[in-house]
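Everything on this sheet refers to the single structure shown next.
Each chain gets a letter, A, B and C, in the order it is written, and its residues are counted from 1.
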Amino acid sequence: MVQTRRIELKTKGNCDIIDITRQVAHEVAQTGMKNGTVTVFVPGSTGGVTTVEYESGLVSDLRGLFDRVVPTNIPYQHDRRWGDGNGHAHVRASLLGASLTVPFVNKRLTLGTWQQIVFLDFDNRPRSRQLVLQIMGE
Amino acid sequence: MVQTRRIELKTKGNCDIIDITRQVAHEVAQTGMKNGTVTVFVPGSTGGVTTVEYESGLVSDLRGLFDRVVPTNIPYQHDRRWGDGNGHAHVRASLLGASLTVPFVNKRLTLGTWQQIVFLDFDNRPRSRQLVLQIMGE
Amino acid sequence: MVQTRRIELKTKGNCDIIDITRQVAHEVAQTGMKNGTVTVFVPGSTGGVTTVEYESGLVSDLRGLFDRVVPTNIPYQHDRRWGDGNGHAHVRASLLGASLTVPFVNKRLTLGTWQQIVFLDFDNRPRSRQLVLQIMGE
């Protein structure tokens, strides 16, 4: 069985990190499926998905990682060509990845106690986002 | 329902970044499945898969990321032991990841408008590659 | 068809890198399914999963990557707030990712010859871990 759900988000951009765990869990529960996987997919090239212990210290530390590894203040060919100013956002998104697959068992996500699913919006402006949840199971 | 397809690629190696979106979409369409997921898997340890807006600026910027973060010109224990000269390629591949799962709905991949699926060949020489597509759905 | 299996591990922490290929292959074979995918999921926020050619040189090189990119000796807000001393472990885990999906065909994982599935324990102490394998197919 396959069901597609979507999550709507308003973000601030600029490495906004949003906890979507509750929404993902809710959509999985709504399907009535007992066991399977939910694939959280970002249909766009300036956002990514991963998991983290969602507390303000780590939210800040994760932003620090991207500031170090994919800085905003180095030249990007993308910006030279297109003038978007968001070359770093694209590179960060490609590095982090657009998909995460989380198992569920007895209708519950198999996350750890201190583990949340997060969407990271790397774009350089506020965005309205729609994430795709592909829920497969029985 | 499960169907396995394979994509054949000739690459230049050395961080060659190849847009495989059309081939993945084609293989998904060929299955006749309406809704599900395609897992793009790299059966090898010197390549990876992700998504990016495929234009020459970002292709260059993405290469720049790997040159900064996993440089070719630092010592690798792998090279010291095996003399392959591709230690950086292995490390890059492990960092980026060997699998990407993309949902499809009504026979269409749920990619963003400016988002392509890419294979990155990090090896230090041209390669012939075969990627695995595991397509599951109904 | 969906079957959930679990793998138990004892790790040394501190970027311990453990080859779990044999255990994953064994659990897949035990299901009796012929074709499908196994999603290896880390239910915790200080470990990650990827693939690598598992030899001691690359194990060392992969540790070197994380030491460079997410150093232990820079300040983390997580540590300032919670005093855990494992802020770097959380950030490394978020970067690498908690899920990997590997296809299997005719009961065999479609891994490359020199490609192993590894669990990385980034925490700053030995841990007992339980990974989730969600095996789906037919």
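One rule holds for everything that comes next: a residue touches a chain if its C-beta (ideal position, glycine included) is under 8 Å from a C-beta of that chain, and two chains touch if they have at least 3 such contacts.
Not measured: the values here are computed from a predicted model.
To fit its Cα atoms onto chain C, chain B must turn through 120 degrees, a value rounded to the nearest 5. At the chain A-chain B interface, residue numbers used by both copies make up under half of all numbers present, so the two copies contact each other through mostly different positions. Mean C-alpha position of chain A lies 19 Å from that of chain B. In chain A, the positions touching at least two other chains are 69, 95, 97, 101, 136. Listed in rising order, the residues of chain A touching chain C in the complex are 35-37, 50-53, 55-58, 60-62, 64-65, 68-69, 95-97, 100-103, 105, 110-112, 114-115, 118, 136-138.
Every residue of chain A that touches chain B in the complex is listed here, in rising order: 1-2, 4, 39, 41-45, 69-70, 76-82, 87, 90-91, 93-95, 97-99, 101, 132, 134, 136.
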